[in-house]
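Structures given as structure tokens follow.
In the two complexes that follow, subunit A is the common piece, with subunit B as its partner first and subunit C second.
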Partner chain A sequence: MSRFYYYLILINMIANIISAVPTILLYYREDGAVSALIVGAMLGLVIVVIYTKFFNAFPGMTFPELLVKTMPKWFYYPLLCFMAIMWFVAGASTLITYTFLLIRYLTPDIPIILLGLTLIVSIIFGCFMKTDRVLYTIEIIFLINFPIIIFIIIKAYTSKSLNWDFIKAAMLHVVEMPNMNVITACIFLSLGVVNLVIFNRFFTQKQNFGLKQIMVVAFISIATIFTTYFIPIGFHGLKSIEEMIYPWVATSDSMRMKFFLIERLVYVFLLLYLSMAFLSILIHWHVAVELFKFVFRLEKIKYKDIPIGYLIIILFFTAASLFLIVTLTEYQLFQYSKYFFNLTAVNFFGMIFLLFYIARRMKGAKDSKN
Partner chain B sequence: MSSKEILLWIMNQFNDTVELIYKPLELDNKKITVLYIKSLIDQELFQKYILQPFFEIDSEEKLQVYLMALPQFQEVPSKEEGLLYVMEGNVLVEIQENLYAIDFKLSKNSDVNSTSVETTIHGSELALSDNLMTNINIIRSFYHEPTLTIEYFLKGEVNKPKIAVIYDQERVKTTALNMIKEKLEEIDKQVITESPQFSNFLNHKRFSLFPQMLLTERPDRIVYNLAGGKIVLLVDGSPQCMMAPAVFFDFMTTTEDNYHTFVISYYLKLLRYLGIFVCILLPGIYIGAASFSPEVFRTEFMLTIAGSRMGVPFTSFVEVLFMLFFMELLLEASIRLPKAISATAATVGGLILGTAVTEAALASNIMVIIVSAVAISTFVIPVNEMAFAIRIVRLLLIVIASIFGLAGLTLGFLCIIMYLVNQTSYGEPFLRMYNYRKGDKKSEGQA
Partner chain C sequence: MLKTVKTKFFILAVISSLILLSGCGEFKDIDKMVFVSMIGIDESGNPDKPYKIILKLYVPTSSFKQNPAPEYSYLIKEGLTMAETISLLESHIDKELDFGHSKLIVVGEKMLQNQKNKVILDFLIRRPDIQMISYFAVGRPNAEEIVKFAPAGETALQPTIFNYFDNSGAETSYIVTSFLFDFRRRMKEDGISPILPIVEMDESKTHFIINKSIVLEEDKPPYELDSEKTLLVKLLSNDAKSIFYEVKRGDELFVTRLDTIKPHYTVDIKENNKVFIKVDIKLAGIITESKNSLRNKELPRYSKLLDEEMKEKVTAVIDELKREGYDPIGFGLRLNSHTLPKNRMNDKEWLAAFQNANVEVKVDSSLKSTGSIQ
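What follows is the complex of A and B.
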């Protein structure tokens, strides 16, 4: 598999450590979170395998192109529109979470609108780049940040404050019935693969996706889920974790670099996650923009050679996310994220049937041609 | 048009230039006419290879065969070509109603220069010369491949310098070659003097920050890049050449990287990349830490900075801009000044200004250290064009950092990377990680 494929999956997983995912996981720690983690990881893997196999069968073709060939118009326009909005919301939720984080921890004196606007403006133009350029950007920024990620992980696992007894105690809850919200949040971690609906354009050659590749993805996802859930518990214990809105920021603040220029790891963590959030939003919004482009034929809307269609999208994205940033509170964000994760999980499971149908139609089309 | 008429037509074009010499020679049964510009040709050669044989060879036929056998011999297909030949330093010879051009160009600028911009410790110290033919001779004698192709163009309506496009036919990136040829056709400039001008002429963008072509004066670099499939543009009279397509990493390598041992060359590369990070980010980090989030760094360190800033009446970004402004002025001034005075400028600027500014409490000591660190790390970037672009990037990041602090600095840095990735240099993405493993093409596609 191309390395770019793994970036798509990895970025989604890593970036969601700062989103509402760990909060949801930890919220249900005594109501069946641990068993749900196992179920969620497995279901996530199923989604990854099915979506990858499907898109691998049609190298270089995006999902809209496949739909055009196999489905009636009345069916795919609403579907794509719905998917585009979903991706916009996925990006926006990361954006909002990160804006709240910045206001709370790094730059409390900057007005929230200005901060949100900076984030949006710096990302939105990148979403209109070509797909390959988006992937190259991801690669370079990821490679610059990769040493820091490794450092933080090593630091976390070797820290003296990490109490493995807490983790063992938390694991005892495995016998409870799996919690639905946790399962869907867990599945959301693996949904980076769904970005292939547009990014498949880049993979013009057929890739081999066998057991080895599946093992790699499984390892990544299990390691991420384990780290996301158990490390905060190991630092804070099962009881006091419920007082935290951002468990991972608090966790990284529990680590200290005794002899380095920067003493509190939390600032390294925050700046690192600024890059990760940037990439995550870039990926999600790129897909959203491409889908919107396809649905509304934006490149054709022009006024005196100015591509108004693009301007409309930029304005819409900016205005909608700014509105959400200003109106939402942290508690609401948490609640809505929960609903959103449920929705995405159900939707992408439902879409598996659609994929099978499309694959059959495409096969039929190919056979009739020969 | 007979050859006589062509000669007359060419003479008419020049009106009454004293330097244009028209000489009919007649002896026994031999008759030739020569036409040349006195100041352009090598008169000794002319004397030795045309005048002497004229008196020694007894028949006109033999003389004609002799002329055709000369290595400098060229046919004259049309009157316009003839005019060009005369202006390039050929002697036009009319014999038996035929018109020939013999190249006796006298060039006083064909000496090979020594490197002045890209100096290295290892490797050759010789650079290109000002003469196109000498340069092509240098390249050809370093690059022994029959596929090496040289195409000539005449561009620039007024001064019409000879432009050579050099590439290896087998290795060249064809899309880039076609693009460059297409754009060369479109050039409608009046005067072209130096090859660096082409980076702007061949670029349709009005605003561009990063260079899209690589400028060099080193023959070994040219050869290395020719083998890598790049296209080289040379202009007669210019000791530098342009190479395209160029990607970001080309600007971060020196030819010396290949001459060192593995570990040393990687160490130097690492140093260079750290240098570019320091140079772009350090002023921004200072602003972000001093004015926005002092809690990021360890307490003792921030206390030192705050102590050093005691008495400084400005906010940190005014301080940074103030000091950087003078540093940039100093840089710019020391380029323009004659060598004898530039040493004084460095002393006045660096030593006196630096100490006086801190004593007058207009900037902190740490600020002076940062500015000098930044200045030094700018010089680490091996190709000058990139160093200039980086200076501007740094300025942008300072502005962003002074509005949004460290978060803004990070975002700005990410945006710069995104901008770089989005740039295209003649069909090649400007910045991307390359996969050097052989046969791994399968894993990547193009969108």
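What follows is the complex of A and C.
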């Protein structure tokens, strides 16, 4: 597979360490989280394989284009609109979580609305770039940050303060029935592949997707899920980890690099994840913008000959996310993220049937042409 | 048409950016901040204002050559809650207090006796700017004296007390290093008790002495471990890097320097719910001092003497912890790590089971050399 494909998957997984996912996983640690992790990882892999195989069969075509060819209008406009809103919410949830993190740890003196606005302004114009440019941006930022993130995670595993007894004790909770919320949160980690609905435009050549590639993706997803769940437990214990609102920030605050430039790792961690959050939001909102563009034909909306379609989207994104940033509390964010993960998991499993249907129709169209 | 709109928009943007000329009021320059170097928390004795907060502040100096002597200022106040006391202390100084660089938290001994550690912990963890990797220590006789004390030889670079815990300067195995997050997890989890170092001053008030430790357990008075027991507890929890150990058996009296220390323990429940603890310690090192002259070929015999001595002492320490009901090494946690969740014991049940536990210690040491002479 093209390396850009792996970026899409990896960024969604890595960026989720700072979203509500670890909080949800750790909240259910005594109600079947561990077995749900296994189920979630497997179901996530199923989604990755099916979606990749599907889009690989139609190189260079986006999902809206495929829908136009195979489906009636009344069906795909509402569907695409719904999907666009979903991608917007996915980006917004990362944005809100990260704004909360920044205000709590890095810049407690700046008013939250200014902080949110700064982040939005720096991201929103990136979303209107061409798809290939977005991918190049992702590559540059990702390649700079990813090695340091791997370094921090290796540091966490080799830290003397990591108590494996806690991790072993947590693992034994595997005997419980899998928890639904954890499964869906876990599936959400693997949903980076669904960004192909737009990003498939870039992959114009048929890619090689065999057992080797599936193994790589499986390894990445298992390693990420294991790290996300067990490292905070190893540092903070099993019984009272739920007290931590941001388990991963607390964990990075518990790591210490005696001879590093900065002893307190949490600041390095937050800055690295600022760029990861940026990438994640950029990807999600790029897809959302492209879908909105398709549904509402934005480039055609004009006021006195001035195209204002993009302006409407910018204003809508900014206003909606700022409104959410100001009104939501941490508890609401946690609850709504949970519902959102449930919704996405159900939705993308449901869409598998649609994919099969589209694939058949496309095959039929091809056959009749010949 | 489009071009004029663009020009208009550009002019509008430039004019509106003039607002920024007045500068931003949200950012605090470094001269508006003062950095806290350590936090002391004491019991005041006044029931209305039970907490006494002592903050040690760095005094900025322009260069090290001008002020080689350490200079600090202190803020001290009593209050009902810690957060409010600190916010009141902010009105005692013209700058903003920055806790992000505070590396040590000293709690007065009395505070622990009155079981106040939960409240303190809650406050310290809840504040995001206090590092979770700050050291946590107990001050004797109280926190105030320890925080205010600058030992001989301290320079303006940094408080020397940080080096004691850092293990990069002093590397003695008598100092227990406890980070804030470690203290928290030991407090909250079952099957492991918190252990904290005790910081004292020597009689002539020139240096710190840190070689004792204190073990806590809920609803129990804190239990003090003297320096030898502290060493052995550190050894058992795999924290000791190298230790000097004295062997006195029969008429042999020698001191060994052990630099390979590999403790290993298993905890199991066997028939009729009795706990079996098996400790297996592997040691290697050399002899550094002896009363009698030694023989190289008799090294296996000396190793055996060390085995016996170590076994006796370790068994005695574990027995004492068992009897008193404290578990700083984490035997209970080890048991939980291979017990299914529904069979796990909580803290109280574990300590009761621990008291009747069967302990078996095995020491396997090999002394490699008698030093430079026989």
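Just so it is clear, the second predicted complex is superposed on the first by the 367 of 370 C-alpha atoms of A that agree within 3 Å, B and C clash if a C-alpha of one lies under 4 Å from a C-alpha of the other, contacts with A are read in each partner's own complex, and residues count from 1 in each chain.
Just so it is clear, a contact is a pair of C-beta atoms (placed from the backbone, for glycine too) under 8 Å apart; a residue touches a chain by one contact, two chains touch by 3 or more.
The structure displayed is predicted, hence computed values, not measured ones.
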| item | value |
| --- | --- |
| Partner chain(s) touched by A:Ser254 [first = subunit B, second = subunit C, both, neither] | second |
| Partner chain in contact with A:Gly350 - subunit B first, subunit C second, else both or neither | neither |
| Which superposed partner A:Gly237 touches (first subunit B, second subunit C, both, neither) | second |
| Partner chain in contact with A:Pro72 - subunit B first, subunit C second, else both or neither | neither |
| Touched partner set for A:Pro147, first subunit B, second subunit C, both or neither | neither |
| First, second, both or neither for A:Ser2, with subunit B first and subunit C second | first |
| First, second, both or neither for A:Asp165, with subunit B first and subunit C second | second |
| Subunit B versus subunit C as contact partner of A:Gly210, first or second or both or neither | neither |
| Shared subunit A contacts, counted only where both subunit B and subunit C touch the same residue | 109-110, 114, 263-264 |
| For the subunit A and subunit C complex, residues of the former touching the latter | 30, 104-105, 108-111, 114, 161, 163-166, 168-169, 172-173, 175-176, 235-240, 243, 250, 253-256, 258-259, 263-264, 305-306 |
| Residues on subunit C engaged by subunit A in the complex (per definition of touch) | 1-2, 5, 26-28, 100, 125, 128-129, 131-133, 166, 168, 179, 181-182, 184-185, 188-190, 330, 333-334, 336-341, 344 |
| Subunit B-facing residues of subunit A, complex | 1-4, 59-60, 102, 106-107, 109-110, 114-115, 118-119, 122, 126, 129-133, 135-137, 139-141, 143, 201-205, 207, 260-264, 267, 271, 274-275, 278 |
| Residues of subunit B that touch subunit A when the two form their complex | 292-293, 295-299, 301, 404-408, 410-412, 414-415, 417-418, 421-422, 429, 431-433, 442-447 |
